[in-house]
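One chain, subunit A, appears in both complexes that follow, with subunit B as partner in the first and subunit C in the second.
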Partner chain A sequence: SRDFAVGFNFHSHPNSADVISTVEFSQSGEFLATGDKGGRVVIFQREPQGEYNVYSTFQSHDPEFDYLKSLEIEEKINKIRWLPQLHSALFLLTTNDKTIKLWKVSERDKQPEGYNLKDEEGRVKDISKITSLQVPVLRPMDLLVEASPRRVFSNAHAYHINSISINSDCETYLSADDLRINLWNLSITDRSFNIVDLKPDNMEDLTEVITVAEFHPHHCHLLAFSSSTGTTRLCDMRSRALCDQHAKLFEEAVDPASRSFFSELISSVSDVKFSHSGRYLLTRDYLSAKVWDLNMEKKPVETYQVHDYLRSKLCTLYESDCIFDKFECAWNGTDSVIMTGAYNNFFRMFDRASRRDVTLEASREVCKRRAVLRPRRVCIGRKRRESDICVDSLDFRKKVLHTAWHPTDNIIAIAARNNLYIFQDRHSPSGHHGMNVNELDIF
Partner chain B sequence: MSACTLVSVSTVLGCHSCFRVDMFSKGTKRKFSDDGGEMSDESLGGANVSSSYNLQRQSLLDMSLIKLQLCHMLVEPNLCRSVLIANTVRQIQEEMTHDGSWQAVTEAFCNGSQSPSERLVATEVLCRSREQDAEPKLFSVISYEGCREEEVVADETLCSVSVSDAASNVCLSESVGHCWETGELRVVESDEETSEGSRLGPGDDDDDDEDDEDEDEVDEEEESSREDSKSMGQVFGTFEIKNGSSGPDSALEELFSDVDASYYDLDTMLTGIQSAPKMGPYDLLDSLAPSHGPPSLGSPSNCRSDLNELDHIMEIIVGS
Partner chain C sequence: MRQGKNSVSSIRRTMAGADGDDSLYPIAVLIDELRNEDVQLRLNSIKKLSTIALALGVERTRTELLPFLTDTIYDEDEVLLALAEQLGNFTMLVGGPEYVHCLLPPLESLATVEETVVRDKAVESLRKISHEHSPVDLEVHFEPLVKRLASGDWFTSRTSACGLFSVCYPRVSSTVKAEIRQHFRNLCSDDTPMVRRAAASKLGEFAKVLELDYVKSDIISLFTALASDEQDSVRLLAVEACVSIATLLPQEDLETLVMPTLRQAAEDKSWRVRYMVADKFSELQKAVGPEITKNDLVPAFQNLLKDCEAEVRAAAANKVKEFCENLPEDSRETIIMTHILPCVKELVSDTNQHVKSALASVIMGLSTILGKDNTIEHLLPLFLAQLKDECPEVRLNIISNLDCVNEVIGIRQLSQSLLPAIVELAEDAKWRVRLAIIEYMPLLAGQLGVEFFDEKLNSLCMAWLVDHVYAIREAATCNLTKLVEKFGAEWAQNTIVPKVLGMANDPNYLHRMTTLFCINALSEACGQEITTKHMLPVVLKMSNDQVANVRFNVAKSLQKIGPVLDSNSLQTEVKPVLEKLAADQDIDVKYFAQEAISVLALA
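Showing the complex of A and B:
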């Protein structure tokens, strides 16, 4: 029988006090970047054997203090997005609440030696002691990976940045905060264009904020953004400069009978991802994940219940603020499986074709090297199996908010607090056959 | 005495917001249950079911209001979360207004069936308002039965929320204030005036001098600012703590620091909020400054009014 996931990498972030806040594979999948609450970025590189090991670490953002407002600006990295790799150097965008940076990560394995005016340590030589001239030469050295900020895009957002997305044209990118979306050129830092503005004239009328924004993978004029009211809008930048008027609005009507005070809260969209094909949109709200066909706005083509057993506990979750947790979602390389996180360090995968799903756990106790992940099950009533876990026993402090799927292969990265788990499918690591969840227990 | 009160307030507030919420959700004796019989046109069985729903709804409202009030002082609050909570509050309020249960609440308060000590909080809130007319008041809907006094005080100073439904044009605070005022406000007013008078003495600082001069304009400004304040925008602003604190105690400062609408970079909203009645005769004069812009952090007059208010509250609690 096939096993679901094997080949497990585990990394604990350098400073174990820092929580991972974002995870992103590079466009080729060779690199994996994580950002944390302390403003640090760690880049992993895939080794020939298939493991991911630390390649580079750098401090991307530092805490700042806004003197005008007397408020701190957190250094937490909200999002990382990779640019396509053109040559040996890597380029990635990182952002905190207010500032976006373009980083260049490059290798250096040679260094110049034999300067005339400086000695080996870089100190200036005494000119009077120089008797002959030499030509400096490049000599091999230990590999050094350097990260340097090439651009800093600042002062364009009055509210907290929640998304960045690089356009398929690779020249522009968007950044979105709670109320506005701006369009940037990667080379120009002192100017950006506002393309969406949800700020009402009177802030007292504010009822909706932007939660996520993303460019279409192929069409450079299309972007999608979701809101706290549960709607996702598709905007066409060709139609007008300001995309407040949407081209399409994806919203599923809520059954009036099941309406409660929490309806809006749980409908708030926490993540939006275009499929690789560009035909579908995946949205995540508090209890479910929905797949939308871009051609149909009225309702999703598929709805997956991630943890519907929480529906009866919404009041408690509201009390503890858990209801505001923003879970991300991901597509696999062939768009046949979607994945998203849950509580208790669980994460879930749904096979779209077979409609089968599985719940797995990312925790040190359960995961050992080369071990196979066993499916977990959450039960509402009595435990039917040893491995079952009751709803009331779930640990809501352990949340898998950030997950990423390799662009082509069956490799996934799961962030659980300050730990990063990387799982690979032993049997079909290259992803040609897709994830086989047929022989797994379902519930 | 007031210093002690402040300290206890800060320790109470230092705890996680969940603590306060737990307090409410764990079997808070409901004012409604006492007045269950007074809820009209419902059979006994129906009343139980609906009052249970009402209790839950009330609990949710209370929880939401607290969530909006207790927020991080150092970092900008999460706008998405605030908007979602505010929308929830608005929804509850609309429903309560439409099904008339808000009216029932105010009537319950007015009946005076509860002893004054139990109605402390309500009274306190009302005491701060000076207007006899039913103008939008900032009030706290939270029932404090069974609470420790410190917590009552804490909520008093922090929990002023104006929740008004522009659509239905029935301001919750308005109706509540109206009832409460007739009931018990009068008792306190004379004290307020006395204290106010002493506070406005010539020996006070510059702010007070300014305020004296502008006193004539107070009512007018307040009228217009109160109009502005009539909206959910209030909810954002009541991160409140309208009173700035210049005390050496950094924790206090943190808790009582003015909420700059600059949290959201919105001057208009700020103006509306800050000019909202700061609860109390002391604040009426203070609110003048805010109507022109954000009050400076830690302005001495604000701090003093805060202390005076607490003194006042303590007097009532102690029953002197």
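Showing the complex of A and C:
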């Protein structure tokens, strides 16, 4: 069995209004970005010792008001996507419900010095003493990290944007809302092309909404999008300009006998992720995570139960609106392990080859003690072990919706409300045992 | 610290009478503003960079100003763009061609910024100053810069390098030439699609400066590789390169070196690549010559016209006329009749309206190529079908190109179908459609003749004058002027002037104003007699209108038609009315009446 252990560091926004709404590693993994409900983006940089420290913080979106529709537009960051780092500056796309922005985060370590008409303190010089011209010179200064908005892509979505995804051509990206998917050029803000439109002529005929969309990691022409009916569609942009007709439809037949009032609600796909290899799709619905082979549409190749014990609690979860929670999912760097969140600040990892799984808890208590993360177990009925937790005592207000896995290393980022936990495999080659790094056994 | 305008002027005051060198002052301000917080002031300073350089002299420009500028790449795009442009014209300010290489460092750093427009401008300036380098300097300074950019860490510098190979290649030794070719090869297989796109888009340009043997060996293999790139966006740029490469090669090599790739592109799985082929079809056709066109391009064009993607069909449909025009004369008619026309016929009833309207914008042009008999037998039914199309844009495109048909078969052949089409467009619910058809009225009138016009179209033109959209009423007014210019003053007096003047009594004040606007537009074309005898009395009478807007438009109209009138009517009829209006209760009426009095010199 694998000894999969992680160390951690931990970031918490002091204000409880700053609930983290998205987490995303950069392509190299050197940077990690979080967005929050207050429209802020925080970028962390990995130190040589392996820890992630704050690199830059900026206000990406502000609350707005749509006067035509009398609607408030929240500043909450729904998604962040990094552009591949191809320049000394970092570039990332951030989006709220309506507007996508391209941000540049760059460093500056020099400043000009020398004025003709005043001294460096700003005092006006005695003009009579000026007998020659001085050209400013650049001198080193303390490193300054600046974030500047480069492009604003607005007015293209009538509904709330749920996804953005950058194409492997590094030139275009998609944005998806409840009913439509648009294609943009990263350098053109006044025009986008609609490629998928699910809006029926009559809104009363509406049966399905888009929940999430993503481009294939290597093939510039492939994109996948999932819907509230539990289906995931693969579209080929080569064959037609409009992708309303899908190339493949991934859907598992539901046993009619097990159908219930909640069937459709719990089958809604809350996240879809291509594997790094590009061969598989990972989807998350309310109770399970599924791995699909792009070559097999009729059923998933693997299905993992995330918290099947909730099946008996669906009524309560429906009443508290928890059933609409959108859990995200993630692949590790080698596509061998998948991870997704659950309730009670638990998150789950599944090793695909050994079929072993583990439940871990992201909690401040554990972090304070700097202890090793112990596997947790949820039991139905009587406790078998002291550490077990009973289904009835799970806290549904504590949920891990947003998770991210470092693109190559065994480092994971877990967002739970306003807390960000970063755990690191103690056996990973770059894992150092710094003074505030603890070890936590997983498997 | 902020350098505000106030402090500048206070400095200026204290300077008067001081010992300092007065002439330095404005330059000192410009230099200090190079780093002002206000981007507008920085931009202003950069735009006067030549003034600063002139004051500093060539030596200090080289040793102090340029090093500073080399490091200012943190600035806003618009400042960097202006800087990149300035440096392209800076040779004399650094001491002439002998020192032109001093401009390379700042332009090199500008060629690596992430903003495309700035990079492109820096490359443009580098290309410009490359010609000012001596052959030795080019090898010692310029070519190493190109190599540095080509092997730079970030894609931005590598994309910029792509645009510089072609300017230095012709002027360097054969060893360096070999290195340049190698660098270009590397960039064509770069890891990032951006660089491959930049290389693909400069492939044709680079091929032009290469020796023919290298075109055949190097360029063709690069072209083939880029044309089968995994990224659609790279493949489609290879199509563009295909045009320039094909022009460079002798006819006998085209079949083996270019055609396999072109055929593959025309059948690419990605519609975007096929679209590009369709879009560049005329250029490709010219580049490969008549024989290959007959054997290869005709079937390829047929396929594009039948493509499953509407965007591709529309792009191909747009090229129908040009393609047919450029076919070799000996077989033109046969090819069109047997191969192209059947596809065109299908497109007339395409499911996509963009395809139909693209076709409608060029289809009329076929009649000149095919001549009278073929047009009547084969094209006319298509024109008639398109005139009845459900999409207004299709009908408009046909009508707007009527002149081509007129020359070949005369418009009478069409008039029976034309009229209902025009009437329907004239009454379309969308005002922009109505506006578009109005704009074609003078053209139609000229081709259909005055009789047909009076009988069928005149009433439409009059109806537009009372349209509920102002833009339509305005266009209708303008249309009347053009009609009068075409049919003459006498026609105007008999047909339109009475109707226009009749509207002066309309209960709707907007219609009464239209009368005035029409008079403004028509007076000159109609001449003094009609204006004085028929129009002026109506205008004068309207000065008693109860709506102020009408009254001040009377004043404006009088000012407008004044020059057409004789001095007698100005003095005896116009002047008293304007004087009355100048004493009006309404401030605007007063204003315009006074203005008219002074312009017409009636005071």
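FYI, the second predicted complex is superposed on the first by the 401 of 443 C-alpha atoms of A that agree within 3 Å, B and C clash if a C-alpha of one lies under 4 Å from a C-alpha of the other, contacts with A are read in each partner's own complex, and residues count from 1 in each chain.
Everything that follows uses one rule, which is that a contact is a pair of C-beta atoms (placed from the backbone, for glycine too) under 8 Å apart; a residue touches a chain by one contact, two chains touch by 3 or more.
This one's a predicted model, so the numbers in the text were calculated from it and none came from an experiment.
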Practice problem: Pick one for A:L143: touches subunit B only (first), subunit C only (second), both, or neither. | Solution: neither
Exercise. Based on the superposed arrangement, let me know which partner A:S132 touches: subunit B (first), subunit C (second), both, or neither?
Key: second
Self-check item: Partner chain in contact with A:S70 - subunit B first, subunit C second, else both or neither
Solution: first
Quiz item: More residues of subunit A in touch with subunit C or with subunit B?
Solution: C
Exercise. Kindly classify A:A257 by the partners it touches after superposition: subunit B alone (first), subunit C alone (second), both, or neither?
Key: neither
Practice problem: Can you check the complex and tell me which residues of subunit A touch subunit C? | Solution: 84, 86-89, 91, 104, 106, 108, 110, 112, 115-118, 121-122, 124, 127-138, 168-172, 187, 218-221, 237-241
Quiz item: In the complex formed with subunit A, which residues of subunit B make contact?
Solution: 17-18, 21-22, 25, 56-57, 60, 63, 67, 74-76, 78-81, 83-84, 86-88, 91-92, 231-234, 236, 257, 260-266, 268-269, 272, 297
Exercise. Would you tell me which residues of subunit A are touching subunit B in their complex?
Key: 68-74, 97, 158-160, 178-179, 202-209, 211, 228, 261-262, 264-265, 268, 315, 318-321, 324
Practice problem: In the complex, go through subunit C and note every residue touching subunit A. | Solution: 1, 3, 7-8, 10-11, 14-15, 18-21, 24-25, 27-29, 31-32, 34-35, 55-56, 60, 64-65, 67-68, 71-72, 74, 114, 116, 154-156, 192-194, 197, 230-233, 269-272, 308-311
